[in-house]
Amino acid sequence: MRKFVTLLLGIALALSVSAADAATPLRLATTTSTDNSGLLDVLLPQFKKATGISVHVIAVGTGKALRLGANGDVDVLLVHAPPAEMKYMHGGNGVNRRKVMYNDFVIVGPASDPAGIKGGKDAVKAFEAIAKHQATFVSRGDDSGTNKKELILWRDAHIKPQGKWYRAAGQGMGKVLQIAGELHAYTLTDRGTWLAYQDKVPLKILVQGDDRLFNPYHVIAVNPNKYPDVDYTGAMQFIAWLTSVPGQHAIRDYRLHGKQLFHPTAITKH
Amino acid sequence: MDELWHASYRAMVLLFSGNPGLWEIIGISFAVSLKAIVIATPAAFAAAFVLAYTRFRGRGLVMSVMNTALSLPAVVVGLTLYLLLSRSGPLGDLRLLFTQTAMTVGQVILAFPLVFVMSHSAIQAGQRSAWETALTLGASPPRAVLTVLYEVRFGLIAAVIAGFGRIVAEVGSSMMVGGNIAHFTRNIPTAIALETSKGEFAQGIALGFVLLVLAFGLNIVLTVMQRRGGIAS
Amino acid sequence: MNAALRLTDIHKHFGERRILDDVAIALESGQCHVLSGRNGAGKTTLMKILAGLERPDSTQVKLDGVARPWRQLRHTLRRDVVYLHQYAYMFDASVEDNVGYGLRAARLPAGERRARVAEALERVDLTHLAGANARTLSGGERQRVALARAWVLRPRVMLLDEPTANMDRESREQTWFLLRRLRGDQLCVVVATHDTQAIATLPDVHLHLEEGKLRRQPAGAHDPAPSPVSAAHPAATAHDPRREGRM
């Protein structure tokens, strides 16, 4: 009996040692859509090569990412929800906010397009049409950057979305696309997630190119005055690299399903 | 249906080709959960013994609390622990958030009530004369406790297996306090949640398969244990 | 005759009832005592207190005339006295391991332990079942295991609680025979029983518990008429030539 217990403990210890991490890594909170796009899988190894810093990525909804920053649980944020970010900055939670890149949102929906918005370039008009026809629309409903963008569009259309046709899923973008596919519904999605899912769901891009669908990304360091033992230097190195020439080129050169997804904005001349 | 078969096939390939990413996730799962059950078990046994063999005023209350704790959703434990461990929280200075240690703590909290309730049941089902016999034959109280526990060992083993089964499959706590960080705090259930939300069904199925095999194996052992426990008395 | 155990000032009550009311008991080595009393009179309680398994009300029970705190007393009693339940508990192990349990607890080296276990098994005629799991044994066999298990520890006192309650006559006689075999100069045996025949023929001393009082009966009495002499009185336990030669 004793031998068996010792063996078990030995296994446990061995496994635990193997999974431990050496130096203190930098903690980055970002959104699930950013993480799912695969960009970080390309950027972070390059960052590590340049600086020797490992990065731990915690991918959650925008609301939660900002919350983590406000609570001092991470060192740096990479998010894409400017109004929420401004509130965050005003709260004294972040410093050195820098623009990094942008991608865009698209409105997708069933090929049958009951609201007749296909080919349009005006997102607000599209939303008006969807509400008018009471065509099923699936919303993120999770306070994410995408969700916030969606709500701004409804506000600009002077519509309060409610009723059976408006479904708030409370899920990540991938799940929401799957749900929209199942329900033959419309939804707003970032292009990155769309590229990853376009072969998996029976939906099509119907509206794109509107300036209002612009999705800018910013990187923000967590305020070291508020949380003195946050890894501020590490965060600044991350910001420096992201906004440096090699970092910006890496962003520009990233391809998802053969298409460029992100457009660097930190340095104007490449 | 076609997609299911396709994904399952790719899942098997991933598993048996020794795909390191996959096995790393499995390793983290076992590291965290084994540690948690090793910590929770002796404490649960001791508490269960005390409750079965001593009389004190709050006894009924303790039982009620523990039985209620069985219904604690993992995500509630995770949220509470997050609030405690956050840098802005009371235990923030421990810097435990988003580490495997935090995940282990959450799982200890989840496992303890289950192991406690089941082992208490097993100990109570045992005969009190076992305790008295051990003492009268000259065993010291600690030795007598071990003897009593040994006599109901099949029930106790079942309790530990049940506890392990619960925590190795939980996602609510691990996700919250672990953060699902790749190569670090991503275990089987959090990985499944991530992969399926990305539509990566092959990975999700592969991991789910591991979990199912584990659960099935545990259940067989459990059944054998309990049957033997029935005969041995 | 030396005293194996002398305990006085024993009180125990359950709710309203006084189970043991200032009980005093003196046991002698080499003697066989019978403890009689109706069901629920408190024989088991008294025995468990004597074995250190149950706590009496009074905190100053006297051992050999000296008052001691129960904690200390309990330790001494558990060491020198073995209590055998009416239905003996068999550990989930072989007969050998059951019999050797106390020796292992006392950390006796394996060789010596095995020798003493073998000797005990022989005394109770269980050598042929040494390797069997004790839980597969019959009631009578289990009792023999319990007896061997206790005897092998060479205790000062062995307390048997209704050892023959559910037995037929033949099994009962076997049990008494076995007890006679195990008795020795250093061992004192106390048997709680209803068996009138045993009460009549078995013991050197007959104690009767009634209404919380422990009284000594004249030898051979079937009818437990209370005698004025209390068992605590040293004179009453003096060597009685009448009982010589009886078992």
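Letters are used for the chains, namely A, B and C, taken in the order the chains are written, and counting of residues starts over at 1 for each.
Everything below uses one rule, namely that a contact is a pair of C-beta atoms (placed from the backbone, for glycine too) under 8 Å apart; a residue touches a chain by one contact, two chains touch by 3 or more.
Since this is a predicted model, take the numbers as computed values, not measurements.
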For chain A and chain C, the contact-path distance works out to 2
Averaging each chain's Cα atoms, the one nearest the global Cα mean turns out to be B
The pair out of A-B and B-C sharing more C-beta contacts is A-B
Relative to chain C, the most remote chain by C-alpha centroid is chain A
CA centroids of chain A and chain C: separation to the nearest Å works out as 79
Averaging C-alpha coordinates per chain, one finds the centres of chain A and chain B separated by a number of Å equal to 33
Cα centroid separation, chain B vs chain C, in Å, comes to 46
For chain C, residue numbers touching 2 or more other chains are none
Check: chain B positions touching at least 2 other chains come out as none
Chain B contacts chain C in the complex at 127, 129-130, 132-140, 143, 147, 150-151, 232-233
Per the touch rule, the chain A residues reaching chain B in their complex are 8-9, 11-12, 15-16, 18-21, 25, 27, 32, 36, 56-59, 70-73, 171-172, 174-175, 178, 196-197, 200, 227, 230
Counting only contacts in the complex, chain B reaches chain A at residues 24, 27-28, 30-32, 34-35, 38, 86-89, 92, 97-98, 100, 179-182, 184, 197-199
So, in the complex, the side of chain C touching chain B is made of residues 48, 51-53, 78-79, 81-83, 85, 87-89, 91-92, 101-102, 105-106, 135, 149-150, 153
